[in-house]
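Okay, so chain A shows up in both of these, paired with chain B first and chain C after.
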Partner chain A sequence: MSPTTLEVKQLKKTFQEDLILNDLSFQLNKGEILSVVGPSGSGKTTLLRVLAGLESPTNGSLWMNGKDITATKANRRDISLVFQQPLLFPHMTVKENIAYGAKVSKKYSKPKIERLMEAIGMSRYRDHFPSEISGGQQQRTALARAMATEPEVILFDEPFSSLDPALRQDLRYWVRDFLVEQKTTALFVTHDMEEAMIMGDQIAVFQDGEFQQIGDASVLHHSPANQKVASFMGGHLILNENEFVPLAEIHLSTLEGVETRTFKGRLEHLTYQHGRPVAHISVPALASRVALPVGKFTADTEEVTLHIPTSCIQRFEVNHHE
Partner chain B sequence: MNQRPRLFLVITLLFFLLPVLILAAQSFSAPWRFPSGSGLDWELGSYEQLLQSPMLWKATFTSIWIGFIVLMLNVVIGVFTGKALTTVPLKGRPWVEALLLSPILIPVLAIAMGLHIFMIRAGLADTVLGVIIIHLVPTVPYSIKIFHNSYQQIGRAMLEQPHILGSGFFRQLFTIELPLLKPALRSVTFLTIVISLSQYAITAIIGGGRVLTLPLVFFPFLESADASVMSAFSLWFAVIPVVMYTLVEAVILLLPYSRLPWRNKR
Partner chain C sequence: MKSFSLKPYLLFLPSVLFMLLPLYGLLTAVLNSFGRHRGWTLDYYRQIFESKRFVMSLAFSLQTALIATLLSILIGLVLTRSFYPILEKITPRVSVWIPMLFPHFVWGYLVILLLSETGVAAQLLTAAGWISDPQHFPVLTRDPHGIGIILTYVWKEVPLVILMLLPVYASIRPEYYALVDTLGGSVWNRITAVELPHLLPVLMETSLIIFSFTLSAYEVPALLGTTFPEMVSVLSYDWFYGSSWQKRPLAFAAMVSISFVLLVLSFIGYGYLNKARWRAVKGNRS
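Presenting the complex of A and B:
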C-alpha cells in the first residue's frame, strides 16, 4: 500500500445556511487518481477550493503527508488547481507561463520546462502568446504550468468542459496518461460520468455534501449504494427507495415461465446511441423516465409494457453494507 | 466605406492638430489679429517674457512635485481599493461603490472650504501636503473607478491562479496585476496629472497663496491679454503632462514580462 498523500478529516463547509460539505472524510494515496462526479451545483467546486486553500473550511482538517495544512495559505500548499478555464497569463508567452509557477515556488530548472513543453507538444509554440494558440493548446499549457510547480496533489475542476467533444476525448486520455506517467496524485472533478470513469482509478459520487459511494466503475454500476448513485449512473430503473433493476434486465415483450413485475409506459422518443436504438420511455407509475437500449425495435403503438423478472430486482441496503 | 479613415483623419487634423499648431505659431510670433492683412511676425518675445517671470520655474517644479505625489497616492489607493472591491465578499457593495464616488458629486470648492478649517487646525493649511490632500478629492474617485473596472475585467479567477501557483501578495501584484493593469495605469496617470495641474481655486484656498502652482502664476498673466504670451504659457502648461506621461510609460516598461519593442524575440 502506497503512503497517504492527502487526508481529509470531517470536512465541513457552510455558506450562510447552506451546507455544502457535510463531514467529508477521505484519503488519497500517492499516485492515485480519484474522480469526483456529481450533479451541477452539488458543491464539487467548493470542495476543490477548500482543498486548494481558496476557501477555509467551517470545520474539519486537511493533512498532507502527515502534516496539518488546514490553516496553510493557498500559495504555501503543495497543491495545484487547474480551473475550468485555462487562465493563462495573457502577457506571458507559453514558456513564461509554464515557468511562472516553477520560478515562484523555487523549483525552476530549464531542462524541466523544456521537458514539459515537449511533453505537451508545445515546444514550437514556446514564444507564442495565449491569444495565438487554440483552446486545447491553452488547456495543455495550463496543465503543464500546474505540473511545473511539482505539486504533491493536482486538482482538476472540469478542465475539459469548455472544449469541443472531439478535443475533449483526445485530451482526456492524454491527461490521464500524463498523470500516470508522472505518478501524480490527482483529484478530478466532473459532472460527466463517462469522463469520471476514464480519468479516475476510483470514482466518488458526490451529492448533498458527501460521498454517496466510492468505488471503481463496475462496483458503482453493479451495486450502487443508494438511489442517488443509481440515478446518477443511469444504468438502472429505480423502482422505489429500496429496489432497483438493471436496464439490461428490462424487457418490452412478455416473458414465458418467469415471475415478472410489469409497468405501463409510454414511448416518447427513439434515439440512436453508439449505434444502438434507445427507447425513451416515461413510466407514470414510477414518475420517472427511462432510456432503454433495445435490440430490434418495431413498435407500432406508443403504449409499451415493461416486464421485469422479479429475480432480477435488487435492493440497495444489501449492497450498502458490503 | 473607404472614405471613413480619410474622414477620420481630416476631423482629427482639423480639431486636434490644427489648434495646437496655431497655438505654437502664435507663441512664436507677435499677437496677430484677423483680418489685419499682414502675415505673422516671428519673434521670441513671448517666451522671453514668460521665462522672465521669477515664479515660473518654482511653480513648475512645485506643480510637477505635487502632481507626482498625487499620482502615486492615486495609484496606491486606487489599486488596493479596486482589488478589494473585486475580491472581498461584501454586502451592499453598490452602496460602498457609490460612497467612494460621491466626492465627485459635491463641488470640490465646497469640500475645500469645509476642509480649510480642518486644515488650519491640523496645521496643513498653506502647506504642500495640504494641497496634495485636497488634490486627492477630485482625483481618487476616478482612480478607484478605473482600477475597479480593470480588476473586474481581469476577473477573480485570474487573480486566484497565481496564488495557487505559489505567488505571494506583492509578487503577484508586480508580475501579474500591474502588467495587466497597464491601460488603467495610463488612464489614471493622464487624468490625475491633468486634474491636479489645473486646480486653481482649491489650490489657492488650501495653499493660501504660499504654495505656488502653475495655475496660480498663469491667471495673473491673463490680465496682460497678450495672445502670444498666453499661447506660450499654454504650451508650457501642456508639455508637463506629456513629459510625465512619457516618464510613466518608461516606468511601466520596467514591469516584469514587458515586451520592449527593441527586444521582441519573435
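Presenting the complex of A and C:
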C-alpha cells in the first residue's frame, strides 16, 4: 500500500455558533485522488481552506508525511489550491504565470515550465496574456501554475464550475488523466456527483460537517450508508429512514407472481436523458419526487402506480464506512 | 454604410471649450518665450539657462517637488494599505479627506501657525519644558531646504493619494492573496504580484498630478519659501510682475520649460502604461 501523504485527525471548525467541520478524520495516500461531494454551502470550501492553511481549525490536527502541519502557515505548506476561478495574474503571460508559481516556491527550472506548458497544451500560447485566452485555457494554466510548485497535495475547489458544460466535460477527463500521469495526490471538491465519480478514486459524501460515507462509485450506489448518501447519489427511491429501493427495480406496470409494495404517483414531466425517456413522478405518500428512466412510456394518464418488488427493498448500512 | 455621426464630436465640444483658455495661454506663452513681438529668438532660453539663479531655482524646485511627491505617495500608500478596511466606512474616510477642503494657501498659513518659530508647536514645547525658548525650535518654515513647502504639500496631498488609491484597494479580490499564500509567496509577493499591477496606473497618474502641481504652484512657496533658493514659480512671478517689463519673456521661457518637463514625463508615463502588459490588466486585447 502507498504511504500516507496527508492525514486529518478529528478536524473541527466552527464559525461563531455554526459547526462547519465536525470531527472529520481521513487520510490520503500518495497518488490517490479523493473526490469530496456535497451540497452547496455544506462547508466543502472551508475544508479546503483549512487544509491549505488559509483558515485555522478550531480543533484537531493535520499531518503531512508524518509531520504535524496544523500550525504551519499556508505559504510553508506543500499544498496547492486550484480555485473556482482561474485567478491568473492579468499582467503576466501564460508562461510567466506558470513560472511565477515555481519561482515563489523556489522550485523554478526552465525545462519544468516548458514540460508543464507542453502537458497542458499551451506552448503556442505561452506569450499570451490571460485576457487573450479562453476560460478552459485559463483554468489549465492555473492548474499548471499550481503544479509548478511541486506540491505534495493539490486541492481543487470546484475548478470547472465557471465553464460551459461541453468544456467542463472535456476538462474533467483531461485533469483526471493529467493527475494520474503526474502521480499527484489530490482532493477534488465538487457539488456534482457525476464529476466526483469521474475525478476521484474514492468519493467522500460530505454533509452536515462530516463524511457520510467514503467509497468508490459502485459502493456508494449499491450500499449507501444512509438517507443523505442515497438522496445525493440520486439512483434510489428512499422509502423511509431505513429502507430504499434502486430506481432500476421500480416498475410502472403490475408484476405477476411477485410480492410488491405499491405507491400512487403523478407524472409531472417526461424528459430525455442519454437517449432514454425519464418520467418525473411525484409520490405524495413519500413526499418526494423521483426521476425514473423508463424503457417505453405509453401511459396516457397522469396517474401512475409504482410497483416495487419487496425482495428488492434494501436497508441502509448502519455502520457507514469511515 | 456607416453614416456620419455628429454625436461624438458634440460630446467632445465641452472639453474643447474648457481647454480653449489654458491652451491659448500655453500657446501665447510659447510664442512670447520665442520673442514673438521682438523677432524670433532663442535668446530668452539661453539667458535663463545661463542664469545661476534660474538653474539653482530649477534644481531646488525639482528636488522639492520630487520629495513632496514621493513622500505623499509613500505615506498615502502605507496609510491606505494599512487602513483601507476602516477607510471604507464613511466617517473615517471623510475625516481623512478634510484637508482637501482647504485651499493650499490656507493650509500654508496653518503650517506657519503650527510650525514656525513662534508657532503653536514651539510654544507648547517651551511650556512643556522640552526647549528653553521658542527661538530654539528648528526652522521648519521659510527654510532654505524647502521643509515647510514639503510639509504643507505632503499634508495636503496625502488625502488625495488616499482618495485615488482607496477604490483600487477595494477592488482587489481577496482570493488573489489566498492564491499567493498557497503558491508559497510572502507578504512581499502579495504586494508585487497582486497589488502593484492594480496600483501602478493610479500611482503613476497621481504622482504626475502631484509633481506637476508642486513643481509649478505659486502660493505655498511664496508663503513658506525663502528668497534663495526659490521655487521656479516664485521666480517667474517675480520676472513677470517685476519692475522691468524686459524680464517678462524670461518668465514665459521658465514656465514653458517647466511645462516641457511635465509633458515629457507624462508621455513617458503613459507610454509605459500603454505597453501590452498593462493594457492586458484592463482586459484589452493587444
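Keep in mind that, in the parts below, the second predicted complex is superposed on the first by the 316 of 322 C-alpha atoms of A that agree within 3 Å, B and C clash if a C-alpha of one lies under 4 Å from a C-alpha of the other, contacts with A are read in each partner's own complex, and residues count from 1 in each chain.
We adopt the following convention: contacts are C-beta pairs under 8 Å (C-beta built on N, C-alpha and C of every residue); 3 or more make two chains touch, one makes a residue touch a chain.
None of the values given here were measured: they were computed from a predicted structure.
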Room on chain A for both chain B and chain C (clash or fit): clash
Partner chain(s) touched by A:Phe83 [first = chain B, second = chain C, both, neither]: both
Contacts of A:His91 with chain B and chain C, given as first, second, both or neither: both
Chain B versus chain C as contact partner of A:Leu54, first or second or both or neither: both
First (chain B), second (chain C), both or neither touched by A:Arg145: both
Touched partner set for A:Ser131, first chain B, second chain C, both or neither: second
Chain C-contacting residues of chain A that also contact chain B: 52, 54, 74-76, 79-81, 83, 85, 87, 89-91, 100-101, 104-105, 145-146, 149
Of chain B, residues touching chain A in the complex: 157-158, 160-168, 171, 175-176, 179-180, 257-258, 265-266
Chain C contact footprint on chain A (complex, rising order): 49, 52-54, 73-77, 79-81, 83, 85, 87, 89-91, 100-101, 104-106, 129-132, 145-146, 149
Residue ranges of chain C touching chain A (in the complex, touch as defined): 173, 175-176, 178-186, 189, 193-194, 197, 276-278, 280-281, 283-286
Complex contacts: residues of chain A adjacent to chain B: 52, 54, 74-76, 79-81, 83, 85, 87, 89-92, 96, 100-101, 104-105, 127-128, 145-146, 149
